[in-house]
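By letter and in written order, the chains are A, B and C; residue numbering begins at 1 in each of them.
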Amino acid sequence: MKLLRQAREVARVDLVVEGRVGETLRVIVPFAVAALLVLPLAQGPNLALLRQVGAAVFWTLAVLFGMQIALRQSANDTDARRDFYALSGVDPAARFLGRTVSGTILLTVFLAVLFLATLALYDPPVAGGDLPALVLAVVLFAYGLAALATLAGEVSAGLRSRGALASLIVAPLSLPLVLGAAQTAAGIGRDAGILSWSLLLLATDIALTVVGIAVAGPLEEART
Amino acid sequence: MRLAAVQPLVVFEGIGVTRDGNALLTDVDLEVAPGDVVGVSGPNGSGKTTLLRLVATLIRPNRGSGTVLGARMGTAETFGIRERIGLIGHEPALVPELTVFENLDHIARLGGLDRTRVMPVLETVGLGGAAHRRVRAASRGMQRRVEIAHMLLRQPELLLLDEAASGLDADASGLIDALTRRVTSSGGAVVTVSHDPAHLDGCTRQLRISAGRLALR
Amino acid sequence: MTRVRIWFALAGVALAAGLWMALSAPVDALQGVWFRLFYIHVSTMWFGMLAFLVTAVASIAWLIRKKQRWDRLAAASVEAGVLFTGIGLVVGMIWGKAVWGVAWDWEDPRLASTAVMFFVYLGYLALRAAVGDPEARARRSAVLGAIAAVQVPLVYFSVNLFRTLHQTQTVRPDGMTMSPEMRPAFFVNLLAFTLLYVALVQARTFVAKREEARSQIEVAAGDAVVPPRLDEVHDV
């Protein structure tokens, strides 16, 4: 199917370029891990406090730096590249899906590294729990953030202050994702019910996908 | 015996484009028939690139009406015909971190084209030996050849060239001419714009654009 | 390349010997078997800091002499330093978790300062990756490499300046704090990591030299672009 073929190709090239440039793994990920140092150094070494806020700090950095990872491709788009995609017959919905998939993969790697670093530096309580459910929650969060950032990138494309604007769009709209993922992870740790929070996460992802595909064409038209 | 009427590829009637309160194009009438090579010259800022992007359906007109390859301007119909249009613009539309070969392979995969044609096309444009060089490290002339290879791969019906010949050596200029002949001999048409009228020798028709208005040269 | 292989072979033998000796050495009275991580942790942290000092010297040498070999050495040494420091931090965290009950102690300035140093040099590597032009890359890296090294003495002496959970230096001007039975394993591992550091830097500078030579060839290889075959354009 043409849509899936084009989406797969957009995602593939996006990951190849990232592999060669390394902006995510060489710059953003270390920067995010370094940011974990700020709170303890500013607050003072209060271990009990750090254990308590570890999860919250993780999700805060996950959104703030995850946004940068997911927005980087839109930020690097030139008008010539956008015209190229338009005239190559690439379905705007395929471009949306492809970028969301590549963003999801990069975000998942980022979240795994950030999780390990938070574990080491903040020693938050992590019960055994249901690891597959936790991984699924993280992947759903990554997908949602990638879809949201791709959408925000398209909405703000071509505008002078698009970097700040796209971030401003993503941050508040990511709250359902943060809520769903954080509460699911906390619930797994406490061995409490996670169904409603997981469904919030899933519903948000589905909504973002449907909206993203539906508005891709009109947003492309709005460029003209 | 009656001959079937040849449908023009582009028809503009009284087209006007305004952006941010500025009239970029005013009252443009244009007809491009199969086999035409239309040259448009004009000073910087006269609207040449805007005209080309309009023909490419990348811009919507604010006034007038028109069709490109049968699709009405400013409607969703244009989405369906864009694949049949090729544009070599000011800025290269290549992925700098990919090699020359990978850029064309990417185009072929996106368009569902025959990927086995990529290397022969590169060899035709003289880039067979540079196929595995990153585009980022390539000169502007080399990048231009890659864009020409792109057009050979896609075989557009309507070829649009924006200052395509500027900065090119004799070999690459020859490629542009050969590409133009290929498109027109297959029933397509070419619209080429340049600030230098000397680059437009060989066009079947020459127009001049000034302050957004088009006229015969 | 043969020389690089020899260094790696020597390092491999020494590492194997060091590992064997670390596993055979007596355990610490308080820390038990976890103390064996000491042999890796101290060596890697030691060579991490040494590598960054080498970078500083090479960076200053480049700024004065502008010879490419100093830039290659600086960059190779940072890569080795980041690798060793990263390993040292991870091993230290495992050791800390086992012995102190916490992987990371925020009250310990050596840990915090080492982590900051680690990220500064990650930034050095990111800076190098972002600059395409070799001379501009060398210049910017040299400035950062020279400045960043001020952290090394701060990290090294932080255990003396503050009373922390971290043990003080093992080797001091007034002697060693380690029991004599453990010293052979310590010194063999120190030798092994010395050889490994030299091997890594040699290998990396060799590769860097080849990469530079290749990019020179690419720039000069205008003959990769040949005249187009205009008669084929219609049918290709």
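Note that a residue touches a chain if its C-beta (ideal position, glycine included) is under 8 Å from a C-beta of that chain, and two chains touch if they have at least 3 such contacts.
Everything numeric here is computed off the predicted structure, so don't read it as measured data.
Participant: Which chain is most remote from chain B in terms of Cα centres?
Facilitator: C
Participant: Report the most central chain, judged by the distance from each chain's C-alpha mean to the global C-alpha mean.
Facilitator: Answer by centroid distance: A.
Participant: What is the distance in Å between the mean C-alpha positions of chain A and chain C?
Facilitator: It comes to 32 Å between the two C-alpha centres.
Participant: When the C-alpha atoms of chain A and chain B are each averaged to a single point, how far apart are the two points in Å?
Facilitator: 37
Participant: Could you give the separation in Å between the centres of chain B and chain C, each centre being the mean of its C-alpha atoms?
Facilitator: 53
Participant: Spell out the residues on chain B that touch chain C in their complex, using ranges where they run on.
Facilitator: 117, 120-121, 123-130, 133, 136-137, 141-142, 145, 152, 171-172, 174-175, 178-179, 181-182, 185
Participant: Would you mind writing out the residues of chain C in touch with chain B in their complex?
Facilitator: 132, 215, 218-219, 221, 223-230, 232-234, 236
Participant: Once bound in the complex, which stretches of chain A touch chain B?
Facilitator: Within the complex, chain A contacts chain B at residues 2, 5-6, 9-10, 13, 16-17, 20-21, 78-81, 83-84, 86-90, 217, 220-221, 223-224.
Participant: Would you tell me which residues of chain A are touching chain C in their complex?
Facilitator: Contact set of chain A toward chain C: 22, 26-27, 30, 33-34, 37, 40-41, 44-47, 50, 119-123.
Participant: Spell out the part of chain B that touches chain A in their complex, as residue ranges.
Facilitator: Touch residues, chain B against chain A: 53, 56-60, 74, 76, 79, 82-83, 85-87, 89-93, 95, 97-98, 102, 106-107, 109-112, 154.
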